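In order of appearance the chains are A, B, C and D, and numbering begins at 1 in each one.
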Amino acid sequence: MSTLHTVNKSPFGDGALLSCIEHCKPGDGVLLIEDGVYGALSGSAISDAVVARAADVTFYLLEGDAKARGLPEGKLLGQVTPVGYDGFVDLVTEHDRSQSWL
Amino acid sequence: MAYQVNGTAIEADEEGYIVNLDEWSKELAAEIAKAENVEMTENHWKVIEFLRNYYDEFQLAPAVRVLVKNAKKKLGADIGNSKTLEAMFPDGAAKQGCKIAGLPKPTGCV
Amino acid sequence: MPDAKKFLYVNRKAPYGTIYALESLEVVLIAAAFEQDVSLAFLDDGVFQLTKDQNTDGIGVKNFSPTFRALGDYEVTKLFVEKESLEERGLDPSDLQEITWEDEDADWEEKPSIRIVSRAEMADIMADQDVVLSF
Amino acid sequence: MKFGIVVSEGPYTHQAADTAYHFAKAALDKGHEVPRVFFYHDGVNVSSSLTVPPQDERHIQKNWSTLASENEIDLVVCIAAAQRRGILDENEAKRQGKDAANLAEGFRISGLGQLIEMGIEYDRMVMFGD
């Protein structure tokens, strides 16, 4: 049994990503969407927390949102896998439930 | 629409719920009941008082099953059963009761 | 009810500044009629929804905090509040209003609805649901 | 699988209604079912037929109406949230004594019970909001 978490806010102005990281369980997935994609930046104030949690949780980001915001590909954490909307749909089906960190 | 009480017009919405909850009085309740074709008995007034107390305490117009359950506890099983309450308020004990009690329509948008 | 699903309503936002807390409570009041297994989670700023002594006279907005005390009537009896979220905000359980429910199976004994849980326990609760709705 | 989608932020201010739209399309493309989308909080504003975005922007309300008619999606707008924010269908407008209705085609005003039903009956629920 696992959960797909979605986070849609920038971690630099909001605690949703951190709270999500602290509440998810090993085997869960965390998908960064909308402004949440900023959480995938490497060398940021939040990246250590993401990298540490990536040991037992899989991180994804919605590719269209990252591209729209001009996130430089070279600066994205290698631990975060890009997916499209179709990948988003698959993630929802592969996990038992989804939880939005609104 | 509006109700007339002692020469004063009390504004109500299209369904007959009063707009300004502070304007409620027993005289107004009697007027609303008349408009609803509900003949007020002593038991009716007990239910109205119960509803108003419930709203005061919880800021909530109760759903009908909560009304029945609590009326049973507070007013006894003679009044507090759905058959009696529905007979007293044919348009729905919570819906019509709250209207006469000067409360908002119960949030029951199921 | 064998086919009842476990529903968790997650509250992470403070009341009054935005409408989420009030409209979340409205969902729960309706949900109560569907005889599912309902739990509420209060974490992060959501814990502020349950503080006692809320008085909205000065802002002209309806004070809906007393409505939480009616949840027992609606058979909603599990309000999980996260300990760490309280502590991070300088609060402790005594800053929250008392919310109880009457246990029909125990001669209508009044029991507390608020259950203080650790962050790890909250994570377990979240992972144990069929449906998680966030507000 | 049957997906239930909830949109709880208004159009244009927030991306939620767009993301939900793309998600719904992708789910349908993959052969899943999206029997119903529920609009709550400011999400009810997606259903306003009075929306007039500039020509070079997407028309969020029309996109949803079209997607719904092509795929028989039940677009449900919460009545309590809608009444607060001035979204009315013909019946409600009449009942409330208002002189105009603004619920766009393909949308339906109903109660929160419709949301709970989705949770009970569908395989997955996904919420888009803020």
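Here is the rule we go by: a contact is a pair of C-beta atoms (placed from the backbone, for glycine too) under 8 Å apart; a residue touches a chain by one contact, two chains touch by 3 or more.
All of these numbers come straight from a predicted model, not from anything done at the bench.
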Leading chain pair when contacts are tallied as C-beta pairs: A-D
Distance from chain D to chain A - Cα centre to Cα centre, in angstrom: 26
Distance from chain B to chain A - Cα centre to Cα centre, in angstrom: 51
Between chain A and chain C, centroid-to-centroid distance (C-alpha), Å: 27
Centroid distance [mean C-alpha coordinates] between chain D and chain B, Å: 34
Residues of chain B touching at least two other chains: 107-110
Residue list for chain A, restricted to those that touch at least two other chains: 97-98, 100, 102
Overlap residues in chain C, where contacts from two or more other chains coincide: 20, 26, 30, 33, 130-132, 134-135
Inter-chain touch pairs (all): A-C, A-D, B-C, B-D, C-D
Residue ranges of chain B touching chain D (in the complex, touch as defined): 13-15, 107-110
Complex interface listing, chain A residues touching chain D: 6, 8-9, 33-35, 62, 64, 84-86, 88-90, 92-93, 97-98, 100, 102
Residues of chain D that touch chain B when the two form their complex: 78-80, 95-97, 110-113
Residue ranges of chain A in contact with chain C within the complex: 1, 3, 15-16, 19, 22-25, 28, 97-102
List of chain C residues in touch with chain D within their complex: 5, 7, 19-20, 23, 26-27, 30-31, 33-34, 36, 130-135
